[in-house]
C-alpha cells in the first residue's frame, strides 16, 4: 500500500508545515476576531436581523475564507520543493489525496472554530443539533478541500492566482453551499434534510472521482 | 553500456522566448558530463529539460528510456536527482524534518536521515529550521537529500556555489557513488573550477547551441 | 476567406428571416409581444450549450493528439459560448422583468445555475489569458474544459430538479407544448444561430492561427543578446 | 522637496508592482465574482432581507478585505528589496506616505468596484447619492490605508502576520466603520450625517499624525 | 586617513543563539578587506551588522561615524551599499524598472539606468522581468544597482557566486571605483578565489571569532 503511505506522509508533512508556519491559524484568528465582530458592528443594534442571517452568512464566509487554505503560502508547493516531490516519483494521485486530507482537516477545524464563535456572537434562530452540524461540516469540508486543491494546482504559478482560484472554486462550490445551507436551515421550514445531505455526498463523490482522474494531468500541466 | 540520456536536435521555448536551439547530446552509464557556458545561456534550462521538468518544444529526447514529453517520464522520475540554484527545503521545518519527508516518501526508515546529514557535515544542525541556516548550510542539506535517495541520473546546477572548500569532497563523493552504481552525472557550471576534475567530458553551451569544449 | 464570407452572409440572411417569422407568430395571451424574445433567448442558450460541448470535445482532442489546433478550437468555442450565454441571460432578464416582476432571482434554479455556468467559463477564459506559455495553457485549459461541461446538463435539468419560476422544457419526446407557428419560427432562428456560431467560430479560428504565427515570428526576433560583455569603461551619472 | 519626490516615487513603484502582479485586482475580482454571489446564494430567496443588510455588509466586507491590500504579497517589502530601500537612505516618513498613497488609491478603486456590484446585485433599501458615497469612500480608504500600512510594518517578518495584522486593525478601525456605516445609512433615519463625516475626518487626521511620528521608530523596529 | 568601520568586541545573538562573539576590526578609507571563513560561521551576519541591519547585542561599533544601535545610523545608511546572497530585485518588474526605482529614490535621472545595465553586460536584457532572468543575470543586475548609486562603504557577500568568468572584472571595477572615491570595501567569501587579488587585507572568521588570515 505504497499509495496510502505516500498520501499519509504528504498529509502529515502539510500539517507539520501548517503547525510551524501557522497560516490557517492565521486565517481563523483574524476571522474569528475581526469578521465576527465587524459584521454586527456594521449592522448595528438590530439583533434579530443578525440572528436571522447568521447561518447563511456562516456558510458564505466559511466558503470564501476556507478555500484559501488550499493555496496558503506555507503549502509545500514552492517551486523547488514541489519539483523534488515530483522527482521522488510520488504518485500524483497520492499527492492529491494527501493534500486533500490535510486541507480537509484544516478546513474542518476552521469551520468548527468559526461555527462556535458565530453561535456565541450571533445566536442564530435555529441551531441544528451538534451531530448534524458536525456531519454537514465534514461533508462540506471534504468537497471544498477537493475542489480548492484542484483549483490550486490549476492556477499554480499564475501571478493573479489569488484572483483566479476563487473564481474557479466559488461557482463550482454552489452545490456544496446550497446543500450545507439547506441542511442546517431547513429544520425550521420543512424538516426534510435528507435530500440535501445526499446532494452533499453526491457532490463529494463526483469531486473525488474527478480529482483522482485528473491528478496526473494536473501535475503535468502544473510544471 | 546503455545510454541514459539522449537528446536529438532539442529546442526549448518558454513563454514564447526561444532559449535552447537544436541541442543534441548523449550520456551513458558511468559517464560524467560537464556543461559549461556563460550566464544566461540556458544551462539551467537544459538541465531542467533533462530532469523532465520542461518539455521540449521541438526535437526528440529520451531520458532513462522514457521519451521526453510523454507519459512514460512519470515512471522514471524517481530515478532522477536534481539540485538547483535554490535548495529545495521548506523554510519553517528543521533540516531533519525536511529529509525525513524524503525518506518516508521513498520508503526508507527515518534512521537514514541522521547518516545523510552527518555525511554533509550537518549532524549538529539537524534541529535547526532551514530558515535559520546559512546559505551554505542549506546547499549542503540539499546534497544530503541526494545521498539519502541516490538517483541513477544525477543533475547538479553549479554544485559548488555557496559551498566552502571543506564541502567540495561532498560533491565529488556524490558523483562517485552515482557513477559506481551504474548511473551518470551531468554537472552545470560557468567555469571549470570545481567541476573540471570531476567530469570525464565537457560541452560548451553558447547562444543556445552545444559545442565540444576545448 | 471567401468561404467564411459566404457563411457570414447566409447566417445574416437566416437571422433576417428568423426575425420576420418571429413577428408572424400570434402574440402570446399573457405576455403580449414579450413572448417573441423566446426566438433569441432559447437559440442562444442552446448554442451556448453546443459551444461548451465543442470546447470539451476540443479539450479531449488536445489531450489525445497534443495538436495545437484542438486547443484553439476549445478556446475559440468557449469565447462564443460565453457570448451566447450572456445574450441568453440578458434576454432572460429583459423578459423576466415584465413577466415575473424581477430582473433576476437568486432563488430560481435555472437563473442561478446559468449565472454559475457563465462564471465558470469566464474563469476558463481567464485561466487561458493568464497562462502565457502555450503548452501549459493548453494542458490546463483542457482539464477545466472537460470538467466544466458537467454543468451543461445541470443547467438544462435544473428546472426539473427544483420547481421554481422558470418553465420546464417545452420540447419533449411526448410532443411539444408550443403553438406550431412558434415552433416554426423558433426552429428557423435556431438554424440562424447555428450558422452564426459556425461563422464566428471559423473567424475566431482564423484569427487564432494568425496570432500563433505572429507569436512565432516575434519569438525568432527575441532570441539571443541577453547577456553581453560588460562595458567597464562606462560612466554612470545623472 | 526631496520628501515628496521620494514619497511619489515609492507610490508609483507600488502601483507599478501592483499592475504587474495584479494582487488587488486579484482581491476585487474574486470578491466581486464570488462573495457577492455566495452571500445571496446562502441566504436564499429572501430578497428583502438581502437588501436590508446590503450597506452594513458592504462596509464590513470592504473593511475586512480592503485592509489586506496593505500586506499583499507583491508590496515591495521582500527582505532584500526592503533592505535596499533602507540603505538608500529613504526617509521612513516618505516611505510611509508613499505606501499609504498607493494603498489608499487601490482601496478606493476596490471599494467603488465592490460598491457598484453590490448596488446591482443586492438592491439596497436606500442609496446615498453618488457624491456622498464617493466622499465617504475616500475618507474611509484614507483612514484604512494608514492604519493597515502601520499594522503591516508592525507585523513585518512575523510568521503569523496575516493573523496579527487584522487583529490590530479591526478594533482600531471601528471609528471608521461606524462613521462610514452611519454616513451611508442615516439618511433613512435622522438625516444627520455631518457629525459622522466629521468623525471620519478626525480619525483620518489622528492617524496621519500618529503615522508620521512613528514611521521612523517602526522602520527601525522592522529590521 | 579616516576610519570608516570600527568594531570593538562586538557580539551578536539572534533568537537566543550566539552567532558572533567579541569581534574587533577596523576598515579605513581606501581599504579593501576580505573576510573569509567556512559555511555557517557568521560571515553574512557580520556583514549585515556592518550594514547597520543588525544591532550588536554586546560591544560597541561605529560605521561611517555613527554608533551602531543608535539613531545616528539612519543618516549614514545611504552611503552603505550591500549585495547579499539573494539579489534585491522585484520579480515582476523588469531590470530597468528595478534600477529606475533606485535612480529616482537617490535623486538621479532615469538616463543613468541604461549605462549601469550596460556596465554589467545586461543592456540587452533591460526589458526582461527579474523572474525571467537567469540566476547570474539577477546577480549582475544587483551589482548594476551599486554602480548606479555608488556607496562609500561597499559590502559584498560572496560577490562571485553565480557569475561567469566574464563578470569577474565587474566586481573588480566596482571595488576599484569605490576605493578611488575615498571609500572602502568589505568582501565576504569562503575562499580566496575571486576575492583574493582584490583584497588588501584578509581576516579569517572561525567559531564566531576573527583572526588574521595566513
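Order of writing sets the chain letters: A, B, C, D and E. Residues in each chain are counted from 1.
The rule we apply is simple: contacts are C-beta pairs under 8 Å (C-beta built on N, C-alpha and C of every residue); 3 or more make two chains touch, one makes a residue touch a chain.
Treat the numbers as computed from the prediction; the structure is a model and nothing was measured.
Asker: By that same contact rule, can you tell me which chains touch chain A and chain E alike?
Answerer: Expected: B, C, D.
Asker: Using C-alpha centroids, which chain lies at the maximum separation from chain D?
Answerer: B
Asker: State, to the nearest whole Å, the distance from the C-alpha centre of chain D to the C-alpha centre of chain E.
Answerer: Taking the mean C-alpha position of each chain, the two centres sit 37 Å apart.
Asker: Taking the mean of the C-alpha atoms as each chain's centre, how many Å separate chain B from chain C?
Answerer: Result: the chain centres lie 46 Å from each other.
Asker: Measuring centre to centre with CA averages, how many angstrom lie between chain A and chain D?
Answerer: The computed centroid separation for chain A versus chain D comes out at 26 Å.
Asker: Going by the contact rule already set, what residues in chain A reach two or more other chains?
Answerer: 20-21, 159-160, 163-164, 167, 170-171, 174, 223
Asker: On chain C, where are the residues touching two or more other chains?
Answerer: Residues 112, 119, 122, 226-227 of chain C each touch two or more of the other chains.
Asker: Could you list the positions in chain B whose residues touch two or more of the other chains?
Answerer: 15, 17, 38-41, 92, in rising order.
Asker: Over in the complex, which chain D residues touch chain A? Could you list them?
Answerer: Its residues touching chain A are 20-23, 25-30, 33-35, 37-39, 41-44, 49, 52-53, 56-57, 59-60, 63-64, 73, 159-167, 169-171, 174, 177-178, 181, 185.
Asker: Under the definition above, what is the set of chain D residues touching chain E in their complex?
Answerer: Those in contact with chain E are residues 2, 5-6, 9-10, 13, 16-17, 20-21, 74, 76, 78, 80-81, 83-90, 92, 216, 220, 223.
Asker: Name, in rising order, each residue of chain E that touches chain B in their complex.
Answerer: 15, 17, 37-41, 44, 85, 125, 132-137, 139-140, 158, 161-167, 190-191, 193
Asker: If you look only at chain C, which of its residues touch chain A in the complex?
Answerer: These residues of chain C touch chain A: 63, 112-113, 116-117, 119-120, 122-123, 126-127, 130-131, 136, 139-140, 142-144, 147, 150.
Asker: Which stretch or stretches of chain E touch chain D in the complex?
Answerer: Result: residues 51, 53-55, 74-75, 77-82, 84, 86-90, 92-93, 97, 101-102, 104-107, 129, 145, 149, 151 of chain E touch chain D.
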